[in-house]
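These are the structures in question, set out in turn.
Look at the two complexes coming up: subunit A is in both, with subunit B in one and subunit C in the other.
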Partner chain A sequence: MTGNRIPRAAPGRRAAPRLSAGAHRTSLPRYAARRLALGFAQVVAVTALVFALTEALPGDAAVVLAGDAPDPARIERIREELGLDRPAPARYADWLLGLLHGDLGASLTAGRPVTGFLADAAGPTVQLAAVTLLLLVPLAVAAGVVAALREGRLLDRTLTAAGVALYSVPEFALAVVLVALFALRLGWFPPTAVGVGTNLFAQPAVLVLPLLALLARPICSISRLVRAGMVDALGSEYVRHARRLGLSGRRVTLAHALPNAVAPAAQQLARTTDWLLGGVITVEAVFVIPGLGTSLMSAVSARDIPVIQGLALVFAVTTVVVNLLADVVAFRLAPRAGGTA
Partner chain B sequence: MRPVPRWALGGTLLGVPLVIALAGPWFAGEPSPRGVSFGSGSLLGTDFVGRDVWEQVLVGGRTVVLVALTATILAFLVGTPLGVLAAMTRRRWLDELLMRPLDLLLAIPSLLLLILLAAAAPPGPPALTVIVAVISLPEVARISRAAALEIAARPAMEAMWLQGEGWWRRAIGYVGRSMLRTLLADLGVRAVGALYLVATASFLGVGVPPDAGDWAVMVDRNRAGMFLQPWAVVVPALLLVGLSVGLNLLFDGVRGHRGEAGVRAIPASFAHPDFLHQSRRARTQKGRAA
Partner chain C sequence: MHSLNRRGFLGTAAGLSAALLAGCGTGPAPGTAATGGPRKGGRLRAAFAGGGAQETLDPHLSNLFVEASRSKALFDKLADYGPDLSVLPRLAESWEPSADLTRWRVTLREATFHDGRPVRADDVLYSYARIADPARAFRAKTTLAVIDLAASRAVGERAVEFALRRPFAEFPNILAAFGVFVVPEGVEDFTRPVGSGPFCFGSFEPGCSLLLRRNADYWEGAPHLDELQYLIANEEPARVNALLGGQADYAHDITATTARTYRGNDRLAVTRLTNSGMQAFAMKLDRPPFDDRNLREAVFLLADREQLVETVLAGAGQVGNDLFGRGYQYYAEEIPQRAHDLEKAKWLVDKAGARGLKVRLDTSAAAGGFVESASVFADQMRQAGFDVEVAVGDKDTYWKDVLDRGSLCCFRSGAMPIESHFAQRLLTPSTTNITKWRRPEFDALYAKAVSLADERARRDVYAEMQRMQHAEGGYLVWGFADWLVATRPGVGGVVDAPANTLDWARFDKVWLA
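Right after this comes the complex of A and B.
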């Protein structure tokens, strides 16, 4: 095991930089700049990969558009109109050029600009994701801290076991069980978001079950990391020293132990955006929410390549940006543990 | 939770769905004639096209479990040699060539990648297996590389090299064997992840035929009749929940049992997406080894 590189294993070393920040070798701006360049390369590579993948999809939008009576001549004409007969690299270059002007092309099936399409679908998804994140961070940190303060007691054991258990339950399975129980049996919340439209806040009750399904996994993983970090921090030399100096218990816990415990969790939070994006796709399917996930599923089945490209770009940029921010935050919170530099 | 209840709970939760999944098809017998959609005559009623739900439950678990398991094994069979090779090579470009494309795959949300790959491939269990293996591959290779890197820098490796032991003896006999524990601990995480991906893909209808007898597909197809006949949705969903909860509880117990500190921290630290440090680490490690 690479024990010396796992932040958990060296709580004492993580404590030091907080007392003498700036002593580390790589400065924050340089680190951030390097991460930014890397993130940019990742986004470009992801779009190229997605383009190559969509090329491999069997059939194309022309076949779908030709409808029930696919006449080869008609398909050929549609293909020419849409520019699908040009070589793929040329189309990719065009797409990149368009991207520089903020133009993602037009949907093949609906004819609308992809940007407008994305803007419409983004509403419900952003609402869902924002509320999830707003609830996720405080709840997960609180659960982790409480479990760490009660280490080994019943509350800790219950929270830990529940966390392990729920850690990887597929959102759709959890969601339908929640619907069966709370919507059908008890009738507390609506079973789907049908008829609510794109503004989910208009009927907040609609959000409750999707949020529960989305929160279950990330809360488990993050609270677990916070707990592990807190347990380490609370048992460390510097916390003992702070206590000896007579600082209040709450101040020791929240101002001295917590920041070190949160650094690894910040990176895990970034990893969970991957889950959240996946979760959003399934949760939108279960609750019939007209968001980005639903558009992705229908664009894939309609072979609407510009829309797939646009959605992939949105998902990739989100993942890369969130990871970048989390790395920078982790670097700032605990320079040596985050940077290893 | 104390070890004993956790083992018992995990075992029961995993055992029931697993037995139904693996042995179910032998007990299903001949499919009974179709009745009305979402009827409630038999044990669990009928589904959206009038098939008996209990028979569907018996038949529908095997693909999910087998695809997830095969995909995990496949990912390890390909990913571990890749990681060991990247860690042990003295040529930096080879290390980069092997690992950078995988880092790129990690930057794509896994479900997005799954949906795109599955749309491009013919539907069916073999294609889904390969796709899920491809998605699990980067993490497996990364963890193998990290574990092998540490072992390859040990003095024992230098001693073996000085004794004139061959590359294969060192790679498989020493590094490979020393990594086994880390890999076993990781196996559980990957299996649970693969199960998640397979079930979610089937639910979304990618990579499976639309009328497949499959728990996740049942959940999706029977949702329309949930008011009339909730069991057709709830039973397969609960079986899937039990499968992943049980698997996780058991593997976590195994991990906790085998030395707490290092192994438990794997997901957090090795899954760290920033490979700038990884290559820097590789450089110093190799400088030390050389």
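Right after this comes the complex of A and C.
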């Protein structure tokens, strides 16, 4: 990148991403392929680690199933029934082998296929995450841009103060307050999603309070990043140059400054997406949403290894894919951000 | 049977909701259950803690409270427990032992499964054989061990002659035991269960909801409700919120704090399930320090039971007398209540040379109130001179962990007949003998009692066994907890019955006004 060319969100211009070695220039597809290979290795490593950690937990599914009637002979019998009497490495190898055939096995305690569990639990989590993100991105970007354009003025200071205050409230505490106020006191929204089942869209009103609880903190963190990026961009040489060329204020802001300002926020957005897709257990618990977080909690309680493994696989793949997407998006928005300019 | 206890995590939530709700009650009228007679129709939504997607509808696998309640809605046992744990006939119309108590003829009442087939002797024999299958591990398997199923037989369609391995006067206890439900012959798949219970299967989403429909042909008369829906909400505040928000009509297992908070509120009525759970500490008798009878005596005397009931149960319960089953059939009411005597306890501790002795008290969140009771009791023990360390273990594996390890732990039990408590926990071969009480003379008394056909004679032997336990046993039974359920105003027919008994979490007699 030389001269006074104005960087903007245009495909075609390429620079070496930061992650590539030295000055060697890498194309986006090659970069993505390498990241995918690395991601695959990470996913396998995560499942091995999760398996080992679950094994390291005290007790196993047989002990949990025996509950308050821990007759040792019965526990041994359950262990045999569940195949838990076989050595752990053999069980992990079986699991990996099954995975190659697309078979995630069956729940130790319920006997149902793990894929069914995952599909059921992913429904509410994905629905909630999707709606949260749909609202989060425009709201956070708008708040960040507005604050940057009014830098140092009352509106900026107000947004900053409100953001810091809101950010310091954990989502679970916020959820409890929201329920007490808007559901129990005012009766505007249902307090929980009890009885709605795995399709939350069947009763959209149950989404409102969980959405508010989930949106609060990410809006603050992402709008702060957008604001900072925007302040930098608006003060930069290329924006001043664009203004000198006579481009309209709005065009400079939205087409030239904004993409550069949003790039750093993309990483934070990826982290938020990952967090949402993991099923935010505190929010799920308060609102009784049968999502992935709740599933993981009951699977760990039951020491139901195949289900835990399936969930770990989903979480690991989500993390790898979301972060890869974020890098690619950041790269496209602002090639310079990772480039050699 | 155990409840998943996830109460602690959102403990603060209830208080906050309550604070914000204060003043919502519109008048002084306390929330009370519906008045007036039963009304037909409607759907009752009952919220319970659940087991997530791991839940099953196989009645022989029932473990959680919600599973036990569902099983009794869909299926029947031959008999069940009344409020004092005496046995009431259900699918069995009557039973008759042989003179030597080794053969029992059970006559079935006329009843049908939901698909219209009659309940036959062969269904009973199949169900019992399934539970007792040596290759499997159903919870009630050891309970059925006394039955020689190979020698038992059907007598026509509607009578079963059970052959026992030894004389057993308490055989009806087995017919009523936890999880011993009758399923149709040959059934292994319970994804769409067919039973003989008051409700028929509708639809099931494990970990979320089970919808049942009224069985108009139920042998005891059709339920008042058209539909019954079980909903899962693991956290107690969430169950209460669902009730207050109109999303549920019945919330199982609410805390005494919640009950107190909403006293006088017209949005919620509380029914007390008196005497639902025994609360205890278990000392192991086969190892130091509690192999010393003086030290056990000291621990019994230093316990301030009133304080435990007041703080741990928030007053919702009664003081215990170191014996299981207060208020149950055969309970030795005549044994005097142990009183708090700290001075004597101190003297006994000194006499045993145990002042400053390090003792570990095992506890976990496996049951509500355990951790609190351990912390209160540790203080009481310190006052008598013990150096107590409270060890909080893993809640999921607690029962296995404390069965053989440690010397002192928190313990609790749901309702069961006193004979079952002896058989499961206090005989030399008992598989869950947590106090390691192994006395040949006690075993002999048990064998004698269960071979006596005369109830009064049996009562005398049971009383003798309870005296031994009271004097030298390892259970410090400090209280009996009342459990609480909350209902919306307008729900009628919810009765005070100890958990695990027939009328507990039973919905065919419940109605919506």
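Just so we're on the same page, the second predicted complex is superposed on the first by the 305 of 341 C-alpha atoms of A that agree within 3 Å, B and C clash if a C-alpha of one lies under 4 Å from a C-alpha of the other, contacts with A are read in each partner's own complex, and residues count from 1 in each chain.
What we mean here is this: contacts are C-beta pairs under 8 Å (C-beta built on N, C-alpha and C of every residue); 3 or more make two chains touch, one makes a residue touch a chain.
It should be emphasised that the depicted structure is a prediction, and the values quoted were computed from it without experimental measurement.
Once chain A of one complex is fitted onto chain A of the other, the partner contacts of A:F117 are limited to subunit C, with no touch recorded for subunit B. When the shared chain is aligned, subunit C comes close enough to touch A:R74, but subunit B does not. Of the two partner chains, subunit B is the only one that A:L53 touches; subunit C does not reach it. When the shared chain is aligned, subunit B comes close enough to touch A:R271, but subunit C does not. Once the two structures are superposed, subunit B and subunit C can be ranked by residues of subunit A touched, with B on top. In the superposition on chain A, A:A228 makes contact with subunit B only, while subunit C stays out of contact range.
By the document's definition of touching, both partners, subunit B and subunit C, reach A:V176. In the superposition on chain A, contact is made by A:P191 with both subunit B and subunit C.
Look at A:L36: by the touch rule set out above, it reaches neither subunit B nor subunit C. Contact with both subunit B and subunit C is seen for A:M297 once the two complexes are overlaid on the shared chain.
The intersection of subunit A residues touching subunit B with those touching subunit C, taken from the two complexes, comprises 57-58, 172, 176-177, 179-180, 184, 191, 285-286, 297, 301. Residues 1-2, 4, 6, 9-10, 12-13, 16-17, 19-21, 24, 45, 47, 51-56, 63, 135-137, 139, 141-142, 205-209, 229, 231-235, 237-238, 241-242, 244-248, 366, 393-394, 396-397, 399-401, 403, 413, 424, 431-432 of subunit C are the ones touching subunit A in the complex. Of all residues in subunit B, only 1-2, 6, 104, 107-112, 115-117, 119-120, 146-147, 149-150, 182, 192-193, 195-196, 199-200, 203-204, 206, 216, 219-220, 223, 226-227, 230, 233-234, 237-238, 240-241, 244-245, 247-249, 252, 261-265, 267-269, 271-274, 276-277, 280-281 touch subunit A in the complex they form.
Interface residues of subunit A facing subunit C in the complex, by the touch rule stated above, are 57-59, 63-75, 77-78, 81, 107, 109-112, 117, 120-121, 172, 176-177, 179-181, 183-185, 187, 190-192, 194-195, 197-198, 285-288, 290, 294-295, 297-299, 301-304, 307. Across the complex, subunit A meets subunit B through its residues 1-3, 5-9, 34-35, 38, 42, 45-46, 49-50, 53-54, 56-58, 157-158, 160-161, 164-174, 176-177, 179-180, 184, 191, 221, 225, 228, 264, 267-268, 270-271, 273-274, 277-278, 281-282, 285-286, 296-297, 300-301, 308, 311-312, 315-316, 319-320, 323, 327, 339-341.
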